[in-house]
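Shared chain: chain A. Partners: chain B in the first complex, chain C in the second.
== the complex of A and B ==
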């Protein structure tokens, strides 16, 4: 390439005289140092407080690297590449890699935390009032700004302070006739309205005792309860209520002899189970192939229809004696300038059966979003409306770049207008526009908004409320991950990986073909 | 005769393009303000829906408008600058890893960011604990997220533009003793400004309509953007009753975009295809 030669020649040029130090130079260096310092000062304290030392080390190294990079005169390309790359790595590359690693776990509802968190949840979740245990009279108070319970034993009238660390006696507290603590040294007693305002905090506070927990029962009583289910490290199992559940590290659950498991589990690695579930589980793989097929049809139909209509209008306007092109152009571009999310919702309501515009205009009574075929037609029509102005714009531009002499030469040689279009104009248009068509395909393949804001994936067949007729892979994945049937992040992540792979393969093949095409025509 | 046919065809397509917009206008000035009472042609004229929009307690529309315009302007401006930097390096400098870097960007661009929404959610749960100012329910956090996608989308396009700017210009400046930074700011940037304006406009439109990330990210009414807020406006049983307000909000959202669009119309055609041909 000529550029390379020239650049190489440039590097052999005699060294430039040492640059003098200008004000702009000084100011820019000071700004760099200030930004690096500000970043460090802002970001470090929370990391120290949370004790995340690895993150702190990464932060320190990154700040130092950035400061060094902009103070030295070397590494000029890196100076321009780093700012964007930092964001790219933090918010795109890292999430993608993290998604891939999540796909190998069972992360989701019931498997959110680690094993210790699951044990704590099981034990505190099974607390029942211990028979014969005292019912304390409760006064809520603050120590500093921490909430504590002041507990008065009904029999001994002894006052104890309870917080998440445990119980401690409070000497010198004054107790009223109702059993409420009136004053206690070192504590600020909360009034009833103040306590009511903190009701949620009070309900959440649990004071550990030797065999159980003390929890508030309303705002003025507290009872001691015992966990019905207790974890025993010796057998690595949970016992209680006349049963025992053994830890199963493969599933991330405590399972009993009959195979039933406790609701709370923990996150474990499941290897390729999520991926093989997509491919081998008959219900899911049936869904997956169906959704994938419709997804391809949707993307192809969207690109094909928008390109066909956009190109047709551009060709109609591309005529030397055509009048009013300026007006037409503005009218045709307007849909592109409207906020697309809002227009999708407007279209959804225009297809409404009872008071939608479409039924009203044509005197129909079609439940557009209620039947698979009409719903599919409707979402493609909506996408056509949203997308054709863009195709119109780009074809208009590309048409202007095609010399008129070429089509004129064709017509002199006796070609019909159709032949002239088919053999001359279209191939030249495609050379220019194929990269855009491919990216348009990739975009529509994952066009979440076009489905989620119109049909919401529906209509749903009665037997499988998880997958609708217009669902794309991306809306289906979204429902799996955040849906009403419980979050299955690990499984959703594995489908994301499939989508990554599909889009990348399709684009790679398409780009390869384009390059060949350019060689042919260019 | 042939010309008349062309006119008929274009007029039909124009009708298809314009009728939903006409419907929105009609709904926005409909005095009753419900979906059921709205026809294609306006049946009455009142500004009641617009007034409701700005006086409503439930829907802080003005706040959403400011949030949206702020996020869209800032993130499209900064993301263009970031990708312009990268494109300058890729177009004008030769260094190790250049080809790999360009290919990696092309590949990353094909992975839409929101496929990783689950992990982004988890990452920002952590960020919200550590740095609440950049966590959920803040426009700053959302902006950081949008900037993550900046490099992948625009760098190739920008590099295409820059490759069309003759290198003799920078060489002349180098001979005159300009530094790389001076060449970037004083020579390159002025030359590509019109095209930058177009790309910025497209980025602006894209960010204004971004829904899924913002929907996961912004839950608090005051922090919402237009897309999230207006979605909530006609959610569930509000769908019929608030339609007039929603239509009015749609029109107001479109006003700045349409204005700039008409102003830049000339550049848009050439800008888009310049990127397309070089892409």
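== the complex of A and C ==
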């Protein structure tokens, strides 16, 4: 991606001493600046409300920088370079940094929020109705401009007013058939819409009683309850139900003496624990070599097969005596134009043993996705079908750039067509296409959809249900991180870091080799 | 040429302007969640927006809308019902955490464990009278750790659906059913003995009644009668026997269970008359009716001298989001408004899953006997374990099932599943 940006910037921005001001120039500047300003106006209030001052400063500086950059006549290369750089930061650098930082936390199910949120959840989650307390029916009212609860005991029909000071009897109140207070001297009864408008205040009002607190439960009922579990800041622990759970900042849980923890936890930094888990967990390290080996085979076979087929078709259509090339080209691009998601699912059903098209068409009885070898063959075949139009397209493009004189000259010199292809066309093609082949390898190395939507990693041997014959590293670890015990984002992030490192190393080595090759043929 | 270059420049700078915002966001993800969570929990004085947001799956959005609007006019608030169609639970959790979640979520009761450990929902306070309006199993399903965490509205479980033209008599035992299926297959009247999805990865949900009939079980129980995640029983001798029964029904045995029968084709096969017996739930009835065959619904039978074939029971529920912005309204809607039989009936009309309210079920049953028959089939069912640990069970259980169906060794498959579950639960 960075390559493209550099190339674009280099070719499009020749230094120009003075630029005449055209209408288009003026309009484009006004539009850009207006959009930048609009985004500032749009994004600033939420940031202010959330109190994210650093983000606000970054936003302000970025807007100011854009305004300056596109108002000045200087920095012409930067005008072209900046958009690409911003995209690079937003979509490449930031996600990578965010993933890496997540890898050092226990972020995941049970550890999504902070400690305060966990405490709130524990306390509100343990509120139980006070035993024997009445199911008050609730009417909200105003006394002056203060909100009060008018509580009716359904059994005794006694009316009491509740406010933060406590309960007080209300003489002379008139109660309707539904249990709602219709009129009460000294109070202004709120209608349903008026009460709904004050929903936040109603939620906040708690009437203290001897046994706990009376809180609204919706707009028409109130319940006397008490938190069974209460956080105590002095001991940094949660107490109640005859037990005590102490905060453990290493795990992000409240843990009791026996080692059991409360369900609600919070996000903490766990250092290298996720990474060491990847390296030491026997279910991961034990199968790593096998999965990695198949993963490399899958990626190489996908790239090799799609390239071979795509190139063969491109060469055939490139032949000067070929007729109807336009029609063939359209037909060949079809698989590429169809959504791969749907196609993968269709292919999966075609490989079904009893109902699939393939067995019915060829009169076979092969359990394609049920045996390791056939399942592997099937997923590569599907990937070939999905992938070759791309290779066909890029090869067709690259072929146009190879002068026909070269192959003609070779044939005059006595080369067979095969020799001409092998010694002239292919090397020149590879110079142009190797970077694409490498990126295709990296893509297929992590081709989650191609596996997850067809074989789902299977077939799985009965003895080891965790790893299937067609599992790639990405599908296998996805299952470990998300399939087994809720979402474990921190752990998943650490696995991504490993896979990132593997792909980066392979790609770097391959690019280095390509450069040497280019030096030979350039 | 120059003009075009300027156009390109304008476009790219537009893009730049757009990303400038995106580029500056990086600071927010870490700061925003805590900030907004604090804003919603500690600053309730924040003026009431008078807006209630409900998230539901596409099937239910349409049925909920009229009631939501009615609730809105009665209380002078705007109610927004939003459609969420993919990964509903994770979407809800992530959005809740960021402060952009709904006030009410519609979902299955077995989410409760995970929602509770993430502090995403609040208990729902139902009066004793309200609780009594539901069958016991529905309240049991939404009760977690002694607290009612949701208001149930539909109960769903699988049952045996049979083509009465091909198989007039309801089979008394699984053996009878397999025998009848095989006869029909030998006579060329059907293609498959039984339509029950297995697929290559197994389907723990659909096979569970047969597994239970064979004596198998998933968890031991705690003192309070809840499933105990510390005691996984998939590898126990009884479960091994049950896996053995599945093997006998499998591809190398009776051929009743097959990995080629999947979630995509099993209902269609039955509706097309390719098998006489289907094990599925209320969600299949739309297609079955479209197929135009005569059918009946009975409980899944057990083996001769077997244990009861208990299906999993799922309870569709309304949750009150603890990080919602209008919790009072949400409580009012869930605890006092939605537990009413008209809402339950409308939801049934939109998507025929038997209503949880006994009264609504009776009224629906008067016009549509299927609802009551499904309810009967699930009467002794097992509420799907809502503990978060259940997530570790589904896949290893399914893979063990697929392995024995293909003819693998039952003891080995059960042991491997037990080991896989224990290792991910760190037992």
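Basically, the second predicted complex is superposed on the first by the 306 of 522 C-alpha atoms of A that agree within 3 Å, B and C clash if a C-alpha of one lies under 4 Å from a C-alpha of the other, contacts with A are read in each partner's own complex, and residues count from 1 in each chain.
Here is the rule we use: a residue touches a chain if its C-beta (ideal position, glycine included) is under 8 Å from a C-beta of that chain, and two chains touch if they have at least 3 such contacts.
In this text the structure is predicted, and so the values were computed from the model without any measurement.
With both complexes overlaid on chain A, does A:349 touch chain B (first), chain C (second), both or neither?
In the superposition, A:349 touches chain B and chain C alike.
Is A:59 contacted by the first partner chain B, the second partner chain C, both or neither?
The second partner, chain C, only.
Looking at the overlay, does A:367 come into contact with chain B only (first), chain C only (second), both, or neither?
Second partner only.
Look at A:216 in the shared chain and tell me whether it touches chain B only, chain C only, both, or neither; answer first, second, both or neither.
Second partner only.
Can A:463 be said to touch chain B (first), chain C (second), both, or neither?
second
Looking at the overlay, what does A:129 touch: chain B (first), chain C (second), both, or neither?
In the superposition, A:129 contacts chain C only.
Counting only touches as set out at the top, which of chain B and chain C does A:293 meet: first, second, both, neither?
neither
With the two structures laid over each other on chain A, which partner does A:94 touch: chain B (first), chain C (second), both, or neither?
It touches chain B and chain C both.
Taking the superposition on A as described, I'd like to know which of chain B and chain C A:453 touches: first, second, both or neither.
First partner only.
Overlap the chain B and chain C contact sets on chain A and report the shared residues.
Touching chain B and chain C on chain A: residues 28, 42-43, 47, 50, 80, 83, 87, 90, 94, 98, 349, 352, 354-355.
Taking the complex as given, what residues does chain A use to touch chain B?
Listed in rising order, the residues of chain A that touch chain B are 3-4, 6-8, 10, 16, 19, 28, 42-43, 46-47, 50, 76-77, 80-81, 83-85, 87-88, 90-96, 98-99, 102, 309, 312-313, 316-317, 319, 321-322, 324, 328-343, 345-347, 349-350, 352, 354-355, 357, 360-361, 385, 388-389, 393-394, 396-398, 400-401, 432-433, 435-436, 442-443, 446, 448-449, 452-453, 474, 477-478, 481-482, 489, 492-493, 496, 499-500, 503-504, 507.
Spell out the part of chain C that touches chain A in their complex, as residue ranges.
It comes out as residues 2-3, 5-10, 12-29, 31-39, 41, 44-48, 50, 74-77, 90, 93, 97, 113-114, 116-119, 122-123, 125, 127-128, 145-147, 191-192, 200-201, 258-262, 264-265, 269, 322, 326-329, 331-336, 388-389, 391-392, 395-396, 399-400, 402-404, 406, 408-409, 412-413, 416-417, 420, 423-425.
Provide the residue numbers of chain A that touch chain C in the complex, in ascending order.
Listed in rising order, the residues are 12, 22, 24-25, 27-29, 31-32, 35-36, 39, 42-43, 47, 49-52, 54-55, 58-59, 62-63, 66, 70, 79-80, 82-83, 86-87, 89-90, 94, 98, 109-110, 112-114, 116-118, 120-122, 124-129, 135, 192-204, 216-221, 223, 225, 263-265, 283, 349, 352-356, 367, 369-370, 455-456, 458-466, 479-480, 483-487.
Report the residues of chain B in contact with chain A in the complex, numbered from low to high.
3, 6-7, 9-10, 13-14, 16-18, 20-21, 23-24, 35-36, 38-40, 82-83, 85-86, 88-89, 93-95, 98, 101, 107-108, 110-120, 122-123, 129-131, 144-145, 147-152, 155, 167, 171, 174, 177, 179-181, 184, 205, 208-209, 211-212, 216, 226-227, 230-231, 234, 239-240, 243, 246-247, 249-250, 253-254, 257-258, 261-262, 265, 268-270, 272-273, 276-277, 279
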